[in-house]
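Letters A, B, C, D and E mark the chains in the order given here, with residues in each chain numbered from 1 onward.
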């Protein structure tokens, strides 16, 4: 498709001038205004707007997935009763890879997105501050929504306050547990045991027998029922012999 | 004079001055990075920052607010400081966007500077990019600060009580896995049904090793001293521009692989074909002849590679830095320049 | 007309030494000896983005322009070598956030090409919608910047107003106004429901309606035409020689569009035209993009009306929610080099990923963004024009430094 | 509930396992610098490089798993000697590749890759200063690089890279000195995963050097390694060839002072435990002697024969035998000094 | 001495029946009566109160706000608002003015310091001088039969101060801006003078009183529409308004001559164009829109004429304000070419019409 050539005749020129003047005066008389007067009114964003992230501590299994998937390394785990994620909003880019990665739905997105801080220190949010939505300064008295139809676009103002919502979508995942695929390759380094946040892997000393003969001292490692399938051991294992499997 | 200044600042006229400043926060037009798009939204008709008295305006002398729109690079940091120095008192700085706060996604980049280390900053706005509402919230917070005299965060966190525990001895391993012995294969042959490509490969065999790597992609390896003649030959075949110049650093094999991605606009059937003309040069004396006179489109790309890898393109008239600031590290894209590693456990 | 030189030796101003000019001192002295003038435009200048142009003028005529880019060089290529493949998705979007879907798409396609992932039809259509929305958004953004560069503030406001609809569409579909990071290897992150698609469908009509106002007040504005016509002309030969890309190449009469030359996603199944022009001047460059906006609107409508049912992500990947880490963190591409071409809004976008076959980070990632490719053509177009045209040509190219500098 | 067992080796000292290793191997000057311990260490604490193996801060960081002892070829050292068992021995020269002599290591790897017996091979490359670098070979194309082929007389950390390769791929080959081969065999004994090392190509080896010592030594002699294209040991002489075609040579005896202590106790010349050993001894110049010891290697050699990618001759096996004996003679174990002290 | 002055003032006072009782009361108080008499002394009243300085300031506050508001309206947005919501943000310009007033005024090192500081203040002289000559009924500063010519002559001084400002700034962009100002000056001044002289020919005199009188039936705009058009375009060019905002072009040369100004000084130079517009609009109203003639209100007395003049001026300027949101900026060579071809041609046509109509009337 070729772009139409623009005519250079003075008459056309004049026509265009008239068009401009017409449009400007039309707008001056009946403006198609689309401004959202923000501090006074709040725009109704859809629920899936990616905003401030809220943590439900009771669901968190300290699996480090959020911290390790974060492209900006904004999530660092802090140790309370267990490891919980804290988000550094000086780095957070609101991609919500962490929310998508959370296997239990402990992290949830909220529609709170208008924040301003006076110092960088205040922006490093600790896990215990993330469990509730923060109280935000709000000056809005009404809410606005875009109304789009085939005919055009206008704003609908409603005299009601838009709540900041927390949207928690629980992932449909079967429970998983760690399994050892290749016990013969175990180094015996016990890293899996030490890294486990739930003390689900235990070790006992024993004697190793091979074909009925005692070969030497050894240990036995057990993955117990406590395992919640966080997968830390899987990633920790230097020989990569552990794996997560779905269990019924 | 000093007494006069003092009087103006704190005297009876103080409240008037404060009021004037509060409703007339004019951000200077200092676009530093891509958050400028959201800044434009905040001042365009969707949100109209002019409503609250902020008018995006001209240059440093006539304004009193800098909105740092994201990343400040080494080059830009100087500009930011100069702009700030040029501005008349009283002046304020708001930083928007993660890049400007702590680097954001570029936190371990070699070229970023934190604005808060360059100029005093009043308010920080998180987001990447922050929504226009967030920016207006920042301006609003600044107004409130001018009103009350103290700065406030716009959100206040309610802390849930939690016992602080002790860090365990072993911390989980990072997820990143970097090969100790990387293998770099540029031209991996692939079987594809592509008649034109096979013909081309036949034609190019005289120049060097020509391999079809995928549909529409041909890799042609030539000796460094034959690079120019090969390029000329390609030009005669109808290839007329360079789409990319790339250097791959292979320290384990002690070489740089210099690639030119050459394609054609003028011959219709060659349009989809991308020829990767590459040759290997020694890492100790990284020199290769430039193709910028054969393909002028390679000029800036070569300059960039010269800057980032320290590979000298003999024949390119440009010497010295192009993309990087004078104080940026030498040849940062070489593999021996390491970036800071991630930390997954905080305090 | 005969020129008369005043034979007075002029010393270059002292300030030129303190401005870290990347050009040699002799060049500056030579300029001043020849009764010419160096004007530094940017980076803090109302009519330039985040870059500096060292403009050598003779009277009002530009003799040569030397770009001083890198003010937004954010080391994307280096950082990408230190991040997981999946973590690079937000990273590659950042150079051009208004065009995020196209950048995202180019990168993800390179991964898919390497791993031989088949993308389901529905995902392809959703991706196409996102890419086209971003294309419209970018063209509008550039139109707005062009308007403000030639002093037309209304021309700035209207596109940004219309862009609000684009942003709203993106929020409804993906959850973010700009940087959606929505396209992942194998498909997209979430399904988009019928209601949202209907909304986007209606929005295309609303956009079209608003664009009519914009056309009257800006596109057909005689002052705009006067400023852009016959300004910064790049002939077809020049455009090819200097490797100009995208709409700017098409404005010079070359019918090259990656979406046709090397079709990807759903473009083959839709009907649309390549927009070209012959003049190669500023107005042609602008008009090509204006016409592309309407083409894109039509593509979006076609996509929505013929949206196939099915999965939004490849079966090789499976449900993403909650599984994101497990699915994507350990992606390792087979060793080799993978290059994809994508038609981003401003032109051809080239992604090269070199993988060593063992690391879960790219060995080398090369982005050649359209801005960086047409910078040379842009500089050539400036030669011989008036100083006041610098901004007009700048705007007509829609040069966006973060995109070029990466 | 799932459980499995693992063996904990015996300690000789009441220290953590690395302490044992340090006392018995490293400090006893037995360490051959094969870097097996560095490869296997689960906390990545053991560093090898251009200096003796060490674990800084091992007292604190060592997790006391004993893996390093399980894999160390010099732990409870019983030297291997002689030419070992073999299926056949040939002398060959590759037609495709250029290497040290007959480029048979390269040829065998390339053929194995082409046959699909292995997915990748760990090779040693070098930089301009002849520092060793490890590269993974995935396609025969890479083997055309002259830096990859050819002998480097410096230690290389092949095994850490090998471990990564083993975790990822199903079939791996590698090239190593006799001590590395022994280490890999020990690994295979303890850890099943290492059975994925399908092809262990051993090199004939008398001794190896630390890179910095070698380059300093040569620098003292006025040799700039950066200009060298090839190094070689032939008939008791260390030969360096240069870019401009020149060459210098020194008797190997002069190198006595820089031979690391670990090599002075090694008696294995022909890589007895390998699948196939390759070296120049026993062939005329331009040819390599190949000693095939296992079935898989035999398959490869048969393929080479079939395809005719190499010229094949009869080797002089006696020469190899002689050198094996010679190595036992010059590297006595337990060493004479030690015997004296005992 | 004082009493003589007092007598002079008293004899020539503005008569406003509406506030006459208050004035009468104030006149009885000593000292105050002198001030009141001074203020109401016609020449002083004309220059300082209306249509002079005081309403000029009011006008400035109004026009800056109105222009921003109108532009915002055309641009689908709201414009200044939150500063005073009940009155739709009408005091926005006051806030900006106060901010400028209290901001630091930087005089940079390279500037010619005395001129740099003086010139923005000196620029007020060519603004106020013509106001003294513009009559509003019988409220007049200096009565002169050559008032129109004088006003045109004084207006020509303003660009010279702007050029001087650019020179004093000693900045590359300021230089370019000054040169552009000079070029634009040459190109609009000729059609402007020809258009004005066509009206002088039409009315047969440069006396505003004659002009207003002659327009009592048909306004000048209808008598000579071409001159009307030329005057408007010249006015846009003279006051650096879009599409001829060339010397200040902020995207190109960053406010040209004013690039280095800050604080109060910038406040002064920024309103220069608006003041010039005001003076030109006054002249425009007198020449084309019947001046101060209008519906007479008994209560206002002498104030009637100046008020009408002022209101008409404000309306003219307000309508012109919309141009800002309509057009892009022309290039300098285009603007000069237009004015030397089309505009001069038009103005000569206007001159012919003026002479012809003047001859008929």
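Assume contacts are C-beta pairs under 8 Å (C-beta built on N, C-alpha and C of every residue); 3 or more make two chains touch, one makes a residue touch a chain.
Treat the numbers as computed from the prediction; the structure is a model and nothing was measured.
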Neighbouring chains common to chain A and chain E, by label:
B, C
Most central chain by CA mean?
B
Between C-D and A-C, which chain pair is linked by the larger number of C-beta contacts?
A-C
Chain whose Cα centroid lies at the greatest distance from that of chain E:
D
Taking each chain's centre as its mean C-alpha position, how far apart are chain C and chain E in Å?
45
CA centroids of chain D and chain E: separation to the nearest Å works out as 93
With chain centres defined as C-alpha means, what is the inter-centre distance between chain A and chain B in Å?
24
Using mean CA coordinates as chain centres, what's the chain B-chain C distance in Å?
14
What positions in chain A touch 2 or more of the other chains?
20, 24, 27, 32-35, 37, 39, 68-69, 71-72, 93-95, 191, 194
Junction residues of chain B, two or more chains touched
44-46, 48, 51-52, 58-59, 105, 108, 128, 131, 175, 177, 179, 181-183, 185, 187-188
Pull out every residue in chain D that's touching 2 or more other chains.
120, 136, 138, 164-165
Looking at the whole structure, which two-chain pairs count as touching?
A-B, A-C, A-D, A-E, B-C, B-D, B-E, C-D, C-E
Residue numbers of chain D touching chain A in their complex, please.
1-10, 40-44, 63, 65-67, 167, 191-194
Once bound in the complex, which stretches of chain D touch chain B?
120, 122, 125-128, 133-139, 141-142, 145, 147-148, 157, 160-161, 164-165, 226
Counting only contacts in the complex, chain B reaches chain E at residues 8, 13, 16-17, 19-24, 26, 44-45, 48, 50-53, 55, 58-59, 61-62, 64, 86-90
Which residues of chain C touch chain E in the complex?
37, 39, 45-47, 60, 147-155, 157-158, 161, 217-218, 221, 223-224, 226-227, 386-391
Contacts from chain C onto chain A in the complex sit at residues 83-84, 86-91, 154, 161, 164-165, 168, 171-172, 174-176, 179, 181, 189-190, 196, 199, 202-203, 205-206, 209-210, 213, 216-217, 220-222, 225, 229, 251, 273-279, 283-284, 287-288, 291, 295, 319-326, 328-329
